[in-house]
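What follows is a set of structures to go through.
Across the two complexes that follow, chain A remains constant while its partner is chain B and subsequently chain C.
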Partner chain A sequence: MYRHLFKLIWNKRKQNSLLMSEILVSFLVIFAVFTLLVYNYQNYRKPMGVDYENVWVINYDGDIGIKDNDSINIFYETLRRNIKSMPEVKEVVFSSNNIPFAPVTMQNGFDYNNKHISHVNSYTVEDSYKDVLNLKMAEGRWFNKTDAVTRYQPVIINRSLKEVMFGREGAVGKVYGEGADHNKKQVIGVVEDIKFKGDYAEAGYAHFVRADTASFRWLSRMMIKVTSGADATFEGRLYKLLAGQMKNSNIEIEHLANKRKNINYFALVPMIVLSIVSCFLIINVALGLFGVLWYNISRRRGEIGLRRAIGATGKSVSSQLVMEAMILTTFSLIIGTFFAIQFPLLNVFNLSAGIYLTALGLSVLFIYLLVMVCAFYPGKQAAAIYPAVALHEE
Partner chain B sequence: MIRLQNIEKVYRTDTIETLALNSISLDVEKGEFLSIMGPSGCGKSTLLNIMGLLDAPSKGDVRIDDQTTQHLSDKQLANFRNQKLGFIFQSYHLINDLQVLDNVELPLLYRNTTAKQRKLLASEALAKVGLTNRIKHFPTQLSGGQRQRVAIARAIVGRPEIILADEPTGNLDSAMGNEIMEILMQLNKEDGTTIVMVTHDENMANKTHRLVRLFDGAQVQ
Partner chain C sequence: MLKNYFKIAIAVLKRRKFFTFISLFGISFTLTVLIVLTAFIDKVVGDDYPDKKRDRSLYITSIEEIGKDSHSSSPPSYYFLNRYAASLKTPEKITLFSGFSGTNTYINNKKIAINYKYTDANYWEILEYKFLEGKPYTRQQIDNGERVAVISADMKKEYFGDVASVVGKYIEADNIKYKVSGVVKNLPITSYLLYSDIYLPFTVAKRDYKHKAYLGDCMAILLAPSKRDVSKMHTEYEQVVSKVPMENGQFTSIFSHASSYIEGYVDTGNEKSSGVTIALSVIGGFVFLFMLLPTLNLVNINITRIMERSSEIGVRKAFGASSRTLVYQFIVENIILTLLGGLIGIVLSLIALYLINNANLIPNLDLTINFTVLFCGLLVCLIFGLLSGVYPAWRMSKLNVVTALKAQ
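Now for the complex of A and B:
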């Protein structure tokens, strides 16, 4: 029967080409949507890597009107002491602007073992950064005072960067970079991946460098870990303290949990928009498929009547029509898969092959289901055609 | 071979009830060539459809080969039609998207036959109707007479015991019509196939063993 159906489809290839093109275009759009959804879902399933609850962010203007480095250090150390003296504050840390969930990125790239590694996020942080955000070490240790004077610049990298640089080998003690020793970097620890850009973004590559005494000149973010009882009254007192000490600075206090919500919202909006657009497209395609199949049945009533007369049951007529639609779909999907498979092969958008392959599988399944659903009712109607009536009409 | 007892067929709509067949009783013997005649709308095709199990009577019993067909399921009816009956229609009912050979093979698709067997049987059937040289053609590339011969080949490919022909020469000129009639008579004579033919043509009807006339749904001869 399959051979017969292939012949029938091949002989009607011109009529079928429109339907096949429609299925092909739908498949490619669905593939794009599923790729985005799978990418986001895979990222969502991974642990966040930071504890954002009860962490407040203080944005301030780095220029406090003091020029001398020592005086700047004294100013910020005094500020840190004053903040830490508040009973609601557990820990304080100064950091570069690219704190978690901030729309700020600082990236660089370097060569290691003849391999260029790009898009490495660089974070300048203090020793208490790990405690404020409750980071998990995978290997080695976090910064401490002993890192102030070292031969190489101590760095901590995240697991993703470790895997791309050193594979399964241990990373601690490894040195990379070019030039004089003080320009080279030595890995002292590996931290578990942190999703800095929210739940739906991948962790990417990250390395952390220790803030030194000169860093206060340009650092403009503070994060404080507060007790769970810290409320608006405390926020008011904190603001007063900061405003009192940083007279020339614009101060803004945000909650890291809210920043996470905001950044997630920006990731969700395109996903929702694309899903709505694709829903409309799917409805259009479904109606189109349904219409074409329905039209085919009306046009083929004589053939259906004949098949019933020569020995086909209603069920076999119905399955034949569904099978024809499925074979056409298979042809379209073969062509579509050829295009889709180029994405992992050419490493388009730098996504892992697994994401593309999962999206491909889901898209194929979805299109088959869609076609089956659209073909089912017209097929059922065809089965109900009374042979004597259909043959008489012809 | 075919026994119809008190067959009645009523078509009902919301407002009208039409009696298409009124108490028809008819026996068709094995190997008989029977023709049915009558004016348009007298119920000839309806009667043929009932004999061919394409339509169910409103009343009465249809027995084929001593088997009652009243309570057969859709699957059993389909199987019965496939094994025992061959159909020829006035408008041929060929599938234009399939080549002649594939059209002839169609009834065998609903049986457990291999592709090789199907091809062999279809080629034999086409040889019988003299169309061996047209197997790769599409129906649209054939004349009316040739198309009807393909339809006959399709009807006989499964070697049915009964052929039901609904005005097989209705769309053909007299020469072509005679050719088709010759083939049918040959099938009846040489293979012993029982044939029931609906026709408007008195000359064609006179060539058959027996003639049944219908008028307003009733048998008048």
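Now for the complex of A and C:
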């Protein structure tokens, strides 16, 4: 039966080649859209890793015009005490400016056991960072006062980095880096992944370094955890306090929850626009396919009538037509899959193979369904052809 | 002759309404998306408010320092621009201004987020902001370090409410009171080089804006005396930058370019990857894929429709019509069809643009169909008609008279 169908398709190869290329191109478009959707959905399913409610961000200029390191430290410690003395404030932390949901990235490379890992985000933070953002530890502990004087520089890494660097074995206590002891780094804890770039982005690799007394020269973000009752009146008071103390600096207070919304927007808008556009494209293609299949069947009335006359049931006629369309689709999908499979093979865009394969599976299924739906009605029409009427026309 | 073709085309359209619907749906929808896309691009990079002298301006928006293991890029500092760009001979005028950054103010227990930007006096001469009231601050006021500000119409409404005039009133931002000297028409945030809620003189900046470093957050516009001098100005800046001493031993080369608005707009901050190439290939790829699918669809449907008319073709051929006449006729018919789809598409895009503007996705970004966009749309329509008409017509014209007539 299949050989017969192949022959039928081959006889009309010119017309079918156009249909096939149309299916092929729609498959590629659908594949691209599904890849994006699957990627975003997989990221969305993972936990955020931080509590962003009731956390405020204060942007200030790091350069406050004081030269001496000790004086800088005294200045910031006083500021911290004053902020913490407000009843609405639970905790304060100073940080480098790559805070969660900020479009700022600081990355460097990582070497361990001759393995090089690039694009590792580096965050300089204080001991209270964990409490302000409510981070969850997977292993080991967060920074504390005992880390001020140590043989190696203590660092904390996130789970993704730990898995790629140390695999299944425990990371706590591992030392890496080159040169003298104080240049080497020792892992003291592993923290659960944090999605720094919003709900739809990957957590990426991260390592945290403890801010020391020299860091205050360049740190330029504060995050404070406030009580749920903190309102705009309090914010105004806090603002006056900050502006009064940091006379040389411009100050801006933002809410972490709003920053999350804004950064999600950048992921959502392209996704929505692409989905709408491809939806219309698919409707377009579906209508086209439907029209062409329908027309083909009305041209083959004679052939179908003859088949019915020599005993084929209506069901077998309609299934033959649907099968023809499916075989055609299979050809296009084989070619399309050949192109699509290059993405995981060549590791384009650095996405994991799983995402591409899921997207591939989904798009194959989608195209089959689409063609089936388009072929079903014309097939049914064909089944309704009466041999006497069809053959009479000839 | 054409009139005849037109009549036949309309008759054919009426015959198979379903196919006509598919064709028109495909054409008009594709055109709608393309028109919205071009309207967006046209507004974002083509709108010349307030920099009307764009054709004789060059923009310096970034500086890049590269060493063996290090690489940093950002907008240049005031110090760098003042020292190396402000001393150029060719430009007629130069303005330095900072990028916008945010701060807050609190009135009546309400928080207002404010974006501010520092400028010099030339800024108001080179850029033709539309002043709804008042006027820009003067060079004199800047030199005296007076706390004066130019604010946007949106800011006026948000801070002062619905009042007639605010010139001379005080606006508090960043805990400092500034005297309002003028109100300007709003800019959408997509013109990020020039966008801001309030504009302040450099001299009132809290931090030392003349800080000695190459990297900072300043930008410059160089205005040439005439269009002819633009390339000379570009070369002069390149030469100056090539002689700039390294900031420290870490770096081995410095890049900074005076480029046109579009190049500056899509600058990636990386010497090796050009923003223009990336933007063009992304948009080009999208448009190509996006048009390929409906075109294939149309070709498919057109072939089906033309084959349906094989008897007509056979008869015409039998009476001596040449292949060329037939191809010509079918292409004209197809163009009529696409133009009809185009008309529907233009109506649809008017509705789409209206909806997008009403949704206010980006404040102050009012998308409109202008003549460029309309022209683009019509051109796209014609290309569409030709693309989807030529192949079917060619296939049809090769039809044998005998087979064509026998088919019935």
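Note that the second predicted complex is superposed on the first by the 394 of 394 C-alpha atoms of A that agree within 3 Å, B and C clash if a C-alpha of one lies under 4 Å from a C-alpha of the other, contacts with A are read in each partner's own complex, and residues count from 1 in each chain.
Keep this in mind: contacts are C-beta pairs under 8 Å (C-beta built on N, C-alpha and C of every residue); 3 or more make two chains touch, one makes a residue touch a chain.
For clarity, every value in this text was computed on a predicted model and none was experimentally measured.
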item	value
Which of chain B and chain C A:Gly291 touches, first, second, both or neither	second
First (chain B), second (chain C), both or neither touched by A:Phe280	second
Contacts of A:Gly236 with chain B and chain C, given as first, second, both or neither	second
Which partner reaches more residues of chain A (counting touched residues only), chain B or chain C	C
First (chain B), second (chain C), both or neither touched by A:Arg168	neither
Which of chain B and chain C A:Lys115 touches, first, second, both or neither	neither
A:Arg45 touches, of chain B and chain C: first, second, both or neither?	neither
Chain C partner contacts - residues on chain A that touch it in the complex	14-15, 18-19, 21-22, 25-26, 28-29, 59, 61, 63, 65, 231-233, 235-236, 239-240, 243-244, 247-254, 269, 277, 280-281, 283-285, 287-288, 291-292, 295-296
Residues of chain B defined as touching chain A within the complex	45-46, 49, 52, 54-55, 74-75, 78-79, 81-83, 87, 89, 91, 93, 95, 97-99, 102, 105-107, 109-111, 115, 138, 154, 158
Residues of chain A defined as touching chain B within the complex	1, 3-4, 7-8, 11-12, 302-303, 305-316, 386-388, 391-392, 394
In the complex with chain A, residue positions of chain C that touch it	18-19, 21-22, 25-26, 29-30, 33, 101-104, 106, 109-111, 113, 116, 174-175, 206-208, 211, 289-290, 292-294, 296-301, 303-304, 308, 361, 395
